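Chains: A, B, C and D, in written order; residue numbering restarts at 1 for each.
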């Protein structure tokens, strides 16, 4: 996409709602856990893999590894280290993503032109900052620690966002290679028989938004009331097999199913299937982090844009849920606490959406398979105010021309998803692991 | 603008909610009134003026005159004339705006390449269709008339929309001409002293959307409930003088005031003032349909994009109202019935926003000065369904990447504005007569 | 074409080689003849036709009419009128084509946005300047007349260039109209039987370039020596029928026939036939100024780019002639004096290439059918120096990225073509009336 | 540059004029020498350095290393190996540069998206092909060797072209890096005092083109006669110091000095100095392969486009030489045999143009400093015919929209430059090591 679109990584975060770990040892253990997870994800990638930017939306792996490090260096070390000096002056410039207040920065679309520092040099940078962070945390007094722990925890969530982006981006990098490289050798999940159903939700004057009592980004606030008419929501995601019916019914060739901008995208970009699908000898195949494989009809469809999700819902005689409907349905279904949710959140071997499995009467595939497009534009909640300073200035500024996605996906790191999380992408974006859950009803009496 | 954006003219309409004029004579009188108003607006324009498309968003005057005629020919005469034949086969193709179901159509961006039919030929086309419509209406039986009167009334509202577009578009055409042509010789309104104030609104579980009992487009339906926290709304529009303060305070140079996409637009397009402003010898001038004139600080600012409106509100420490807040505030203020509203709705000599005048304790400048940007994306109301067939298929399809504007403007024809009317444009659009009304409050308790 | 290419009209001219008419009456008679010819060509065109710019290369008819008038006003009246004042200040800006030294100018690509002055206003401008020129010429003394007659004659040739451009451009304007308007009602010429042959030319150390003794542009100078090996040149132009063989032999689908840039153009622009050809119900038709008609296999192919001409020659196992070969062949054939040439130079009823007619042993279709692509880049002759001042500064600056065409075409005004005339266009241009004459031989012994 | 321009690497070559090494041992020694030189040049580069494509014109180092290997595999091994199989099927596709006849190929502009094979994998590919070539050459009989030695020698020259391209390209890759990486640690040459002078050349009917008796590309043929008027040519290249005078005299701001397309490039791309110059704290610095250094006024100016070279010559009241003038001047000066030329051809430690040194009465800096722009378009010599087959099909196809450069430069490998060598680039290209030598005279008597 040529247009300068807001991007997942360019979101940030205000001071967390509450400090959840103020003890130095705990903080360092958590720091090491988050930081080492990034390196685990990068481990299968060669220096060349880590260098390339295959389209403007994508950032190189080594850039992600350096940028999250820069975040700790800038917002923690530069604030608190007694005699701070940057590891390298030029890194300050190279690895700033979009913080206008921090100074000039290297052009985003040219991140793939930077060969040095190399992947190994970035490792040295990470090691240096890690040592300094540990040193800082263990030597500071309790008052200072209390004050900085919010920034540190923000750094954790920031790095987790980039862990997901790193996987999204390397998936695209590898997809343009005719050698069809495999990122993870473990096999793709296989589909199992399942029955689709609906969950009825009563609605009324409900509350949405972060309730307090744990970490959240500023865009999840304030918690507020919203009126919902009674509606129902699908108990699982739309599958590849169902999508193939849409395609067979000429779904990509019928303008009456599409939003006007969506139809323009279909024609301008020649869409005729989900993003990573290719037809080989008459069989649809899908590029995945586990290699290129025949499309499994029982797995959820992924890498479709909002436009495609909307057209599919129109074709199916349904619609997408609003984000309030989505959030309230999950609460009503008893899955509001993502931290206890099952799914594949903890499964570091599978980087793909998984089958719904047998019907249970509850909402399936909520947190760990695909981000779910909603029909809601990404707008501020009533009473929203961005936080002060460079760190907090930036959530509100992406609130235009984007649609909200809810849930989480197979690339989301363990512990990162939550009920009130508002992900967002432009309606034409396809490189996130995005899927579709249908809704119905909600008509005023 | 290079992007294929939905456009005002590309909206349409479902069957009206209720037939308001079923008697043939009344219908013809109304028909003649609407049709002749179009010709009145085009009268000051030369054949050359009527031919040019000065940017892709703009359509030539003679295209508007022909297209609204084509609408009656296609949706009325082709349906009901005993032995229908199009006036000219090629017109069928040339003057279809965007109706996919009606067949192929001439490329929108090349409407300015069509020299023939000329302005005079379009007049002949109009005369032919007018005669046939009158003939049809006066000779059909009552049942048929009842059946078709809805389509005819839709044609009235459709033609009124294009009357406004015709003015918006010719304003742009004339603006690119160094000769600074004047469309209307009457002088611009002058500002008068006024005091800005706030109107407090209680909120609660309110109803928004068309209540029935008169004409409305399908996008105003269904009427539905929405929760509003208490808020307040400015009792007049932001003025040119206030906007100059924003500019003097480097409003166009401070990224922290802007949405990310807005800031990108500022930089890519070099915005540093409202659309039609030019600095001549140190004095800001404004291109208007009454000629190029010094900017009057007391008149409402117009021709600003949503991005600019949002940045201004941020700078002012306020925000834009949601469309529900706007609609409910007008109802609460007792101005829900636009047909009795004052303003300059009936003033055909003034094609410009007018001063607010003295404070009254009520909302001023609601319907006849500037369309007012809201903070609401243009999305379907809960339970919205587009009407069936070619006529009705098309309102929903523009519901992406656009923001809602409310009220009406000095170019809106008499009788066309109404409380629940949802106008919409992409957030970067500036050639509509769009202005700013601030809001505040609305924070959850 | 989006690229800013040099264009025919943007050529100019140095002081003529010799004043050929210094007597005032003769000069005025010639002036009236040239000026009235422009109006004769514009007469069939409506105000709307005269306003439109159908692509960036094209200028509106009324712009041509005004620009050639501006030329006399700027370079003659402003120089010599006792108390000069421009007819309109803004015209000075609007109708400057590209003369940097004369001041700023209106953007070329937006000439079609200017509705005023209208076609009629341009007529008034022409009348005013005509009267002033006549007045000036009849009242000045002989010395002054001698001094200015060169500029006046240059104005004649300049206006003649624009007469051809006016026809080229309006041909394109009318081509994009689905109504298929006809510019000239007289019928197209029909082909007659002919036999193609070769003319052998001896070569050696020949002279090329303007010999003096009449008007010429500065790019035709200096006359200089050039070595030519013996070669031969076709005695007529390539025909539509021959071009159809090329197409049938997949000429537009075989990269090995094309220059690399040519092949890129074929793919990027989807070329599969000459510019104005369309297939209707299986029959090739050609848009002409006489209407859209079936392609006549015996007429010369026209509106092909240099890339196509080169690919055709490669396909035919031949090549294009160099400009020196072309010029010398015409001299050797005895047709060096264009003023005595036959052809359709004087035929104002036919705006199309005509059949070659029976073989005569001489070169046919040299001056009045199609401009003939050569294999020569448009470069300065050895020793070339542009003339001084605004008028003369501008021939050399177009000497890059263009190819030379020789001869003349059916749109060239009577008396304008000559042996040493160097026309030029970018190799991808197709809207000039350009055709192909093959050559062969020329290999060093 | 956005346009699809022909590029140096996309040139190839017909069968050499004469086999110069038919003995197997000699051939293998030469093979090893050429091949190992490539690896020597790549040795200082990290895997990341070798992967990046910093603009569409640039190819990654590892792509160059693989492509020249593919050339031997395709045109030698696939032709002659008894049981040929490609090293990797996908390499066949990935490393074809532009040979349409060999099959489809990977998009040039996306060469930088390919992370695998990595730099090390390319080394394995090279080793495999090297072993197979040596095996083939040592085991084939004399007749076969005679037949194939031409292809092998062509492979040498092809690989040498890519050695120069590899350096040009990596120079650009490193230039976009704020870390200012250094490719070669040896210091830049320093200027010495010199005096500029002219060499007078008599001209007449001279011969140009390859005389036979050694290797040459097909575009150097046929040798042919050309008439030259007496002229003179500068005895050294234009220096940085002289270029600074041009800049100080507003050379980049005066349209009258520029070709029209050149002026458009100045404005569109914001040129205000040679390509690799940057002003740091008021001092001009130059990016070189030896690091970023202050501009040395006595060294030749490099990395200027043809447009800049032409504008400079106009400013200086001179002109560029034609390629025939250049070639004949070198012959007349006694330096026709490049193999005995001095210069820095053999100096593998210096990757930059060097000072002219003291005047000698002869032409200085002919072969080993900068390619010299001529005023000649790159066109076929009279009688030129491309060779048959995939190898030979491709020199002619680049003969449009390019200008000829003569001589050689500091990046040209030893033994690769020669008198009749025709290098070529589009007139706006700046990333080749191109400089300026002035000429004068040549005016017909």
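Simple rule for what comes next: a residue touches a chain if its C-beta (ideal position, glycine included) is under 8 Å from a C-beta of that chain, and two chains touch if they have at least 3 such contacts.
Please read all numbers here as calculations on a predicted model, not as lab measurements.
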{"item": "Cα-centroid distance, subunit A relative to subunit B, in whole angstrom", "value": "38"}
{"item": "Cα-centroid distance, subunit A relative to subunit C, in whole angstrom", "value": "60"}
{"item": "Distance between chain centroids, defined by C-alpha means - subunit A, subunit D (Å)", "value": "47"}
{"item": "Pairwise touch network: line, ring, star, complete, or other", "value": "ring"}
{"item": "All touching chain pairs, where touch follows the definition stated at the start", "value": "A-B, A-D, B-C, C-D"}
{"item": "Residue ranges of subunit A touching subunit B (in the complex, touch as defined)", "value": "3-6, 10, 98, 100-101, 205, 222-227, 229, 255-256, 258-264, 268, 306-307, 310, 375-377, 379-380, 382-383, 393, 396-401, 427, 442-444"}
{"item": "Parts of subunit D lying in touch with subunit A, wherever the complex brings them together", "value": "46-52, 54, 62, 90, 93-94, 106, 110, 112-119, 173-174, 176-179, 181"}
